[in-house]
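Note sheet for the following structure.
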Amino acid sequence: MARSSRIPFSTDDSLWLAIGLYSALVLVIGVPLAMIVLWSFADGWFPPALIPTAFTLEHWRQIVEDRGLAEATLRSILIATTVTALSGVIALPTAWAMARFPFRMKRAVEMFVLAPLIVPGLVVAVGVGQLFLSLRLAYTVPGVILVQLIGTLPLMIRLLSASLGTIPEDLLLAARALGASPLRAMLAVVLPLSVPTLVAGGLLTFVESFQEFDMSFIVGAPLVETLPVRLFFYLDGSGIRFTSAAVVSLILLAPVLIVFVLAGRIMRDDVMASGMGKL
Amino acid sequence: MKGDQPNGRTIALLLLPGVGLLALLFGIPLVSGIFGSFGLGMGAGRNAGPTLASYAKVFGDPRYLAGLRTTLYYGAMAVLVDLVVAIPLALALGRSFVGRKLFNGLYKIPLAVPGIVVAFAMLTLLEQGGFLSRVLHLVGLSLPRLVRDPWGIGVIAAMAWKDIPFMTLIIVGSFAAVPEELLHAARAFGASPLRAFLKVRLPLAMPGITAAILLSFIRSTGSFVIPDVLGASYPLPLSVLMYQAFRDSNWPLVYAIGTVLMLASFLILLSYYFLTARIVAPAGGGGR
Amino acid sequence: MAHLRIAGLTKSFADAVALHPTDLDVEQGEFITLLGPSGCGKSTFLRMLMGIAAPSGGAIWLAGARIDAMPPEKRNIAMVFQSYALFPHLSVLGNLAFGLKMKKVPKAEQERRIAHAVRICNLGPYVARMPRQLSGGQQQRVALARAIVMEPDLLLFDEPLSNLDAKLRETLREELLTLHRRVGGTSIYVTHDQDEAMSMSDRIVVMNEGRVVETGTPFDLYRAPRSRFTARFLGRTTLVDALAGKGMARLPWGQMMPIDSAASGPVALSIRPEDLDPALDPDGAGVVTGFQFLGSAVFYHVLAGDIRLTASAPAREAPIPAGSRVALISRAPLHVLDDSAGAAS
């Protein structure tokens, strides 16, 4: 974003600006995150201590020993992987149709595809939850997978149709002229060219699924525990367990941040904002 | 070169998996929910309908009216805080300063933090006996009640923390979508940098900014983890009340609250679509 | 039957006819150009030949087989696109091999054909490169080689040179033509550039508003166009109404000049600049109102009576100054247009 400044700045000014911004950054973002990290290693941290009096790895060892936590982690990974794979496969034909063909109800379909992102997850989930209760899908892993798809499909469809729309029609016609049937043209030309978007979209979808709470909670809890659901139980009601909560928070954050950086390399700002902001 | 378009049937088939699945999982429950709120329709929602009994309960019971107020309050306050921080931040990002590129990546971190983790972090910070109160204690001050307090300060802080990067991103994008030439033209016609910003850049960025505000508001209406963890036990926002009704299997109530929330969302969605349709036109190269 | 035979081919949409029923026969080895302004139907024609647009009526036979109902991948037709359409994710070699893999050509044969195409298109040093590493001219050659390896019955060119600058265009024009002859294939070339059409084609099909205006060799179309449209589209001309009889015509400014037709009565003449020689003459019929010095020739704007026309002369001497009176001497019989062929005027 190499925009020329509207107002010329001397290096002095921009240095102060930088100092101010970074200080704010450390305070506003750094401190809360530091809290979590500290709590995960804290061995007794009571007021008025500003940092824990002692540190321990005990809470981290809990991950392995606490079966519920280990299970929840594995379950979250399994669900996120499945949701990602399914989203990609299901979104592809829809995104293709939307990217390349004008059709009469296109605007309506666009809005419909966008709607699940706008309507709060809670509202969607209670509606789906009731349906799943009658279908005996409630409190099951497939149920959680399906309900998460509601949130990830619109994202994938939007990302994919943006990228599929950039493939020049000439390339497909050239492939057809060279003897490829429409299907082979898709596989040999469209798919390879979509890989960056599929990867980036896949990463974002994995993240979204891994950290999804609202809908997984309504449909799954208390029988199906994903990691975010488990975290909620550590925070809910009496006996809040900060130390365990901290550990789970970090587990939730670590892959998300890694993927965030990776996806950031592949995609542009605004596309990623759409992804993360679930626009 | 363009070929003939495929026929409607092929297009429908292509759309089927995605749109179909969404229709089944999202569309149908939503519609049935609307019907259910009137006591109509299938399954648990069926009463001697059609009836407005559930709506009467929602709007008659002080708990739920308070809930509506609380939902709107949280949403509006969060957006306000967002704007107060995001607009100056967006402006700052438009200038060059040392370490701008790195900052550009770092300030987006809250986007990646799930709501519950935010709730937890805020809890450790803002609670009585939390980090902030201990820091203030050092200098002899005491922290007012910020969590589970009547003003919902903790809730608003957490919502804002999570939303500000998103808002900032949108606003930066909206500012950037205004062609530089327009600003140059304004300057050429005698406007100072400030006036050029106020009279040209800001108005043209407004549709995008407004869209961001509306979307943020909607998301906050559905947020129930943060109010649940950080908010007072009374009054509860509609989102939490809805969850409680769900747990009690009080379906008509669930649908009534849900429909109210959803109606608000759809109204906002429609205005969003009108606004974004207008953004593409004036900003020339801003659209795809 | 001709190598490519088109009968009654037409394409219409709800509100317009893109191509009126058209016939065309092309012999093996011919280089045919479809020439016309934007919207004349040449691209629609090409698309139907390729198979990416379905005809509303008519039939196409290629090498004896009827192909108008076949999908593109079954026709033995190759195309060179205006945008080159090279697959960005494949190397030059990958691009060349693509079609051969699709048609499951045996490996040895693939290698032979690719080696041959690489040689005649001079792509030796580039085979391992990716398309984005190549210049426009190189990319166009790869596009051509990719088409040649398919050994198609018909080679289609969709304005392949319009993305290139003028100098490069001239060079590639010659290359394309040379390659066409070496390969011995049949080519249909679409362009709006009349210089390209005239310099490359065995025959030109002039099109306008969805119809074929006329067909002929470049020489015939230039020297003896039948319709006004062709006369104007190919090269410069001045259209003049005259009165004809017994091989002569009386021009509006009174002069009598020989014509190439035995018609009598009112006729329309197409006068090319090189048809008339301006010579300084105080009693001449025309006045020089201005001129364009083009290096090899001078184009004079002459006002004869009410008619503004262009007359050219080789630039061996200093140009005749504006304002001078000149006599117009005809070098060859002037051409009479024949608009009864239903051509657009």
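Assorted remarks:
In order of appearance the chains are A, B and C, and numbering begins at 1 in each one.
By definition in this document, contacts are C-beta pairs under 8 Å (C-beta built on N, C-alpha and C of every residue); 3 or more make two chains touch, one makes a residue touch a chain.
Everything numeric here is computed off the predicted structure, so don't read it as measured data.
The set of chains touching subunit B and also touching subunit C is given as A.
Counting C-beta pairs in contact across A-B and across A-C gives the higher total for A-B. Seen from the Cα centre of subunit C, the chain whose own Cα centre is farthest off is B.
We define each chain's centre as the mean of its Cα atoms; on that basis subunit B and subunit C are separated by 60 Å. The centroid of the Cα atoms in subunit A and the matching centroid in subunit B are 16 Å apart. The distance from the centre of subunit A to the centre of subunit C, with each centre set as the mean of the Cα atoms, comes to 56 Å.
Contact with two or more other chains is made by residues 170, 173 of subunit A.
In subunit B, the residues touching two or more other chains are 1-3. In subunit C, 52, 81-82 are the positions where the chain touches two or more neighbouring chains simultaneously. Residue ranges on subunit A touching subunit C, taken from their complex, read 168, 170-171, 173-181, 184, 188-189, 192-193.
Residues 50-52, 71-73, 77-79, 81-85, 87-89, 98-99, 102-103, 146, 150 of subunit C are the ones that touch subunit A when the two sit in their complex.
Chain contact summary for the complex, subunit A toward subunit B: residues 1, 3-7, 9, 14-15, 17-18, 21-22, 25, 28-29, 31-33, 35-36, 39, 47-50, 89-91, 93-98, 101-103, 109, 111-116, 118-124, 126-131, 133-134, 146-147, 149-150, 153-154, 157, 162, 165, 169-170, 173, 207, 211-214, 218, 228, 231-232, 235-236, 240, 242, 245-246, 249, 252-253, 256-257, 260-261, 264, 269-270, 273, 276-277, 279.
By the touch rule above, subunit B contacts subunit A in their complex via residues 1-3, 5-6, 8, 11, 13-19, 21-23, 25-30, 32-33, 36, 43-45, 92, 94-100, 103, 105-125, 129, 131, 133-135, 137-138, 161, 166, 169-170, 173, 176, 180, 183, 193, 196-197, 215, 218-219, 221-225, 228-229, 239, 242-243, 246, 251, 254, 258, 261-262, 265-266, 268-269, 272-273, 288.
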